[in-house]
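One chain, chain A, links the two complexes that follow: it is found with chain B in the first and with chain C in the second.
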Partner chain A sequence: MSFDISVTVRGRTVIMELAGDLDAATAPTFHQRVEDVDRNEVDQLVLDMTNLAYMSSGGLRGLVFAKQKMGENVEIVLVGVNSTVGETIRLTGFQHSVSFADRVAE
Partner chain B sequence: MRVITLPGVVDSLDQLTRFVTEVASDARMASEARNRLRLAAEEIFTNIVLHGYADAPREPDPRRCADDQVVTVESEVRDGRVRLRFKDHAAAFDPTTIPDPADLAQPLSERGIGGLGVYLVRLTMDEFSYQRLDGENVLTIALAATAPSRFTQQM
Partner chain C sequence: MTATFPTGDRIDAFPTRHVSGYAVRPGRTMPFGATIVPGGVNFSVYSNAAQAVSLVIYDRDKPEPVAELPFPVEFRVGGVWAMTVFGLDYDRVEYGYRVFGPVEQQTGDRFDPAKVLADPYSKSLTGRDVWGADPDWDRPQQWLSRLAFDDFDWDGDQPLRLPSSDLVIYETHVRGFTRHPSSGVGSPGTYAGLVEKIPYLKDLGVNCVELMPIFEFDEFENSRISPVTGGRLYNYWGYSTVGFFAPKAGYAATGRYGMQVDEVKNMVRELHRNGIEVMLDVVFNHTAEGNEHGPTISFRGLDNRTYYMLTPEGYYYNFSGTGNTFNCNHPIVRGFVLDSLRYWASEYHIDGFRFDLAAILDRGQDGAPLPNPPLLEALAFDPVLRDCKLVAEAWDAGGLYEVGSFPSYHRWSEWNGKYRDTARRFLKGDLGLVGDLATRISGSPDLYSWRGPQASINFFTCHDGFTLADLVSYDGKHNEANGENNNDGANDNNSWNSGWEGPTDDPGVLEVRDRQMRNAMVLLFSSQGIPLIVAGDEVARTQLGNNNAYCHDDELSWFDWSLTDRNADLLAFTRAVIAFRAAHPVLRAPMFATGYERGTTHGYPDLSWHGVHPWQPDWSPGSRLLGWMRWGRTADGKDDVVYVLHNAHWEQHLIELPELPEELRWHLFADTSDPAAPPAPGQEQPLADQRVYPLQDRSTLVLTARPSE
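And then the complex of A and B:
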C-alpha cells in the first residue's frame, strides 16, 4: 500500500492528484500539502481522486482540515471518486460540503 | 481461523489490510463487503493505536513498539459470516458507546473531527460489540460475506 500526492497550481486553482490509499498512516502527508497552500491565493481546491483506491476516516479528517484551513470561500471539488471512496464520503454526509466532477476542468 | 499480532502503530495498517484481504478471500466475500470490512478493521485498529495506546512510550522506529503495545486480530468464518476480534492491552474503553456525529449535514467548516471512524463501523457492520476480558479490550465486528446493499440502495 502506498500514497502519492502531486500538486499543480493553475491560476487561483490548486489541483492535488491523490493516488493509492489515504488512511491514518498516510493522512499526515496530505495534511502537510494542504498546510503548504496559501489560502489567500486560492479560490478552488481540486482533489483528483481518479487514482485514489481507498479512503478511511483519516482521509475524511483531511477534508475537514482542508475546508477549515482554506476557509468558507474556497470551493473543494472532488474528481473521479470511485465507489468505495464515494460510499465513505456519503455515509458521513460529506457530500453536502464538497462538489463532484468527472474530470479536472481544462 | 487466522490470527495475527501487530505492533500497535499506524504503520501496521498495511499488514492489517493484507490480513483482512486473506480472510475475505477465505470467505469468498463480495468486493463491496470486502471493502467495508477493510474500512471497519482499519478504523478499529487506528482507534486502538491513536487513543488506547496514545500515552504509551514510543520507540524511535515508527514501525516498532513495546512488547505490550500490540493488537491481536483473530478471524472466524462461519455460516457465511466473517467475524474479526481485536484484542489490546490498553486501558478499558468501550468505543461502541461513542455517540454518532450530531448532524451529518453540518458544513465541514463547523465540524469536529471525532467519532467518524466509529460511526462508519457501526453503520457498515452487522455486529459491533465490546467486552473487557482478562485485562484486555475485546472488540468484535462481523459482516455477511454476501454483498449487503442496505446503504447503497439509499444513495
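And then the complex of A and C:
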C-alpha cells in the first residue's frame, strides 16, 4: 500500500496533503505526523485528501486520533474528499470530529 | 512531566519464534477470539476435545489460504489454544481454524480437518458482505473471520436506562425499514438508512427500537425461487445465527468495506442521542449449522458434543424446529452466551435483549426443562447485564409454553401471548372474554404478580403473523407466495376481515377496518404493561395477508413510506395515542392497581370497571363491552384520570359516565368512530354532556378528567 504525506505550515494553519491509501498499515505514519504538530501553535489542521484514494477502518480512526491530539481549540478540515471516502466517513459516524470544505482556503 | 504508556515497551510485545514464516509468541488465553495487541493479533480459541488446531490465514483478495500456522503444543492452556501473531495487515487479513479431533472420536464428535472453521468469537465475518450478492458457491468455506477495530468515539454515550414501564417498543427489520424505494434515504436497507429515519421515530413517540436479528446470518440459507412469483426467496428475517459477536455486514452501507462495526455503533449512538433505546432480538436457541445435513461453519467442527443438544446416538435434538438446538445450559455454552451478551451490552451500548424461543434456554442438556436453569440464572444476575432489559419469547417449537411461568428471577419480561390472543379476540367481537380482557388490561397480575406489569410486553402484532392492517382485513392466511402451498404460518390468527377478504374499494368495509385499527391502538396503549407495535402498524402496512413473510425480501415485507401520506390519519392518531400515554403516568404505573384509594385523589379507586352503567361492568358471557377507569395522582399532586370504554359490539350503546367530583369535568381525548386526529395532551375539550355519551358500534371512547375551566 502506498501512502505519502507532506506537511506545510502557513501561520497558524497546518496543511497535510495525503496521497494514496490510508489504512491500518499506513496509519502510523499519519499518526506520527499529527503528533509532531504542537497544538498550541495551531488553529486549524487542514487535511487535503484530493489525492487520497481510499481510507479503511484503520485509516478512519486517524481522524478521531487527530481530533483528540489537537484538542477542542483546533478545527480539523477535510478538503477534496472523494465521494467514496466521504461516504464512509459519514456512514460510520466519524464526521463528528471534522468539518468539510471544497478547497484549501488561501 | 505527564506519565505516558508507550505500547511498544511491553515485555510481551515481541515474538519468541516463527511458525510457517510468521513471527509468533504464546498467546493470552483471554479474551477469546482475535484481539489486536501491541504489535500483533492475539488469537484464542477453545475446544474441549481437539488434539490439534491450526490458524489458517487468508488475504482479502485471494481465495486460497496464504499460510497455515499450527498452534505449537506448548501454546495450549487446558482446552484453549492461544497465539499472538505479528506482522499482519489488520484491514486485509481473514482467518479461520482447522481443528483435528482424536483418532477415536466419541459419539457426537464431528471433527473434520478438511474444513476451515470460522471463529465463534469473531467480531466481524466475511462471506456475505453485500446483501444478496451471488456467493462463490465453489468456495468450501463460505465464512471467514476478520478483525474488528473496537475503539470507537462514543462521545459520552451510555445506555439510556429508561424505566421499563415507560417503554414504547417499535419492532423493525433493519433492511425492511428503509429498503423500499419510497424511503428516500441515502443508503436503503441499512443501519445508516435507519439513522436517517430517526426523526420519524422520534416524532411518532417511540422510545425503544427492537431490531430483528442483526447477528451475522446467511440470507441464502434455504434460498429458493418461489414457484408462485418466480422471484427469489431468502432467509430474510435472519433467525439463524452464524456469528454471535458480529453484526450483519449485508445490512451495512459500508459492509463492502468491512466497516459494519462502526456503522452499527454510530446507529446506536444516534438513536441514544434522540432518546431511543436499542433492543436486539437474539437467537440462542439454535445456530445456522442445522443438523448433520447442514453446513459446518464453526461450532460443529470445534466441539459438537458441547454446543448442541444431542441424542444418545449423536443426532440433533430439534426443539427449535430448525434442525439443531443450542446446548445453552452446558457450562461452556452458558459462558459463551454470557460472553456474547456482555459484549453487545458493553461494546455496543445495547439497552436490552429479546430472546427468541426462550423456553429452550431453560432446557437441560438432555432437553428436559429445568426448574433452576443455570443460564437464565446467570443472565438475570450478571453485573454487566444488570441494567439491560431482558425479554423472553417464552415458548419454543417443542411444546414448551411458559408465558407466566418462565424462570424469571424477578428480572425477565415476557412477550405476553395471552394478551395478544385475548385482545385480538375481543377486538373482533368474540364472546366470553371480558373477564380475561380485564386481567390483560391491568398488566396480567395472574401471570406476573412476582414482578409487576412491566414483565408483560403487550402486543397485537409482531413480525410473526399478520400486520395490524391485515389482522382487520383477512380471516385467513395467504402465504401462497412462500411456495409452501399456504401450509406455513399460524392458523389461529384470531383475525376478522371486517366484511370482505383482502383488498376492496367498499367504503363501509374500509371504514370498519380503520376504526378497528384505531380501537387496537387505544386498547394497546391504555393497557398496563409495555406496549409493542411492529413497524408500519401506524400507517396500516400490509403484507397482503401473508402472516409468515420470513422469506420475502421484496415489496411484500418492505415498509412502504408512501403510506405515511396515504394513511396520514392513522399515523396522526397513533402519534396522539402514544403522546396521551406519555402524558398520563397512571397508564404506566409500575405497580399493579389494587382497586383501592391508595395513591389517588378524592377517594376514587385506582382501577375500576364499568359498563353502559358506571361501576357496573358486565362480566356475563354475552358481554362485548368493557370500560375501565384509572385514577392516580401525579408527582405534583394533580389528578391523573383516564376513562376508556371499548364497545366491541356491532350495535351502538348509550354510555352513562361515572360521576366526577365537583371540580373535575370529563374531557374527550378520542372516540374511535371519528377518524380525526385526537388533540395533543392538555388540549382535550370538555364534553357538553357530562352524564351520558352515545358510543357507536365497534368504537372506543377515551376520556380524561381535568378541572373545569
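As a convention for this text, the second predicted complex is superposed on the first by the 105 of 106 C-alpha atoms of A that agree within 3 Å, B and C clash if a C-alpha of one lies under 4 Å from a C-alpha of the other, contacts with A are read in each partner's own complex, and residues count from 1 in each chain.
Note that in this section a residue touches a chain if its C-beta (ideal position, glycine included) is under 8 Å from a C-beta of that chain, and two chains touch if they have at least 3 such contacts.
Computed from a predicted structure; not experimentally measured.
Engineer: Contact-wise, after the overlay, does A:Glu72 reach chain B, chain C, both or neither (first, second, both, neither)?
Structural biologist: Once the two structures are laid over each other on A, A:Glu72 reaches chain B alone.
Engineer: State whether chain B or chain C is in contact with more residues of chain A in the superposed arrangement.
Structural biologist: Chain A has more residues touched by B than by the other partner.
Engineer: Determine, under the contact definition given at the top, whether A:Leu91 touches first (chain B), second (chain C), both, or neither.
Structural biologist: both
Engineer: Between chain B and chain C, which residues of chain A are contacted by each of them?
Structural biologist: 23-25, 56-58, 60-61, 64, 67, 87-88, 90-94, 96-97
Engineer: Spell out the part of chain C that touches chain A in their complex, as residue ranges.
Structural biologist: Checking each residue of chain C against chain A gives 89-91, 148-149, 151, 153, 155, 187, 190, 192, 252-254, 257-259, 261-263, 265-266, 269-270.
Engineer: Given the complex with chain C, which residues does chain A contribute to the contact?
Structural biologist: 23-25, 56-58, 60-61, 64, 67, 87-88, 90-94, 96-97
Engineer: Across the complex, what residues on chain B touch chain A?
Structural biologist: 10-11, 13-14, 17, 35, 38-39, 42-43, 46, 49-50, 101, 103-109, 111, 113, 116-117, 119-120, 123-124, 151-152, 155
Engineer: Would you mind writing out the residues of chain A in touch with chain B in their complex?
Structural biologist: Touching chain B: residues 1, 21, 23-25, 54, 56-58, 60-61, 63-65, 67-68, 71-72, 76, 84, 87-88, 90-94, 96-98 of chain A.
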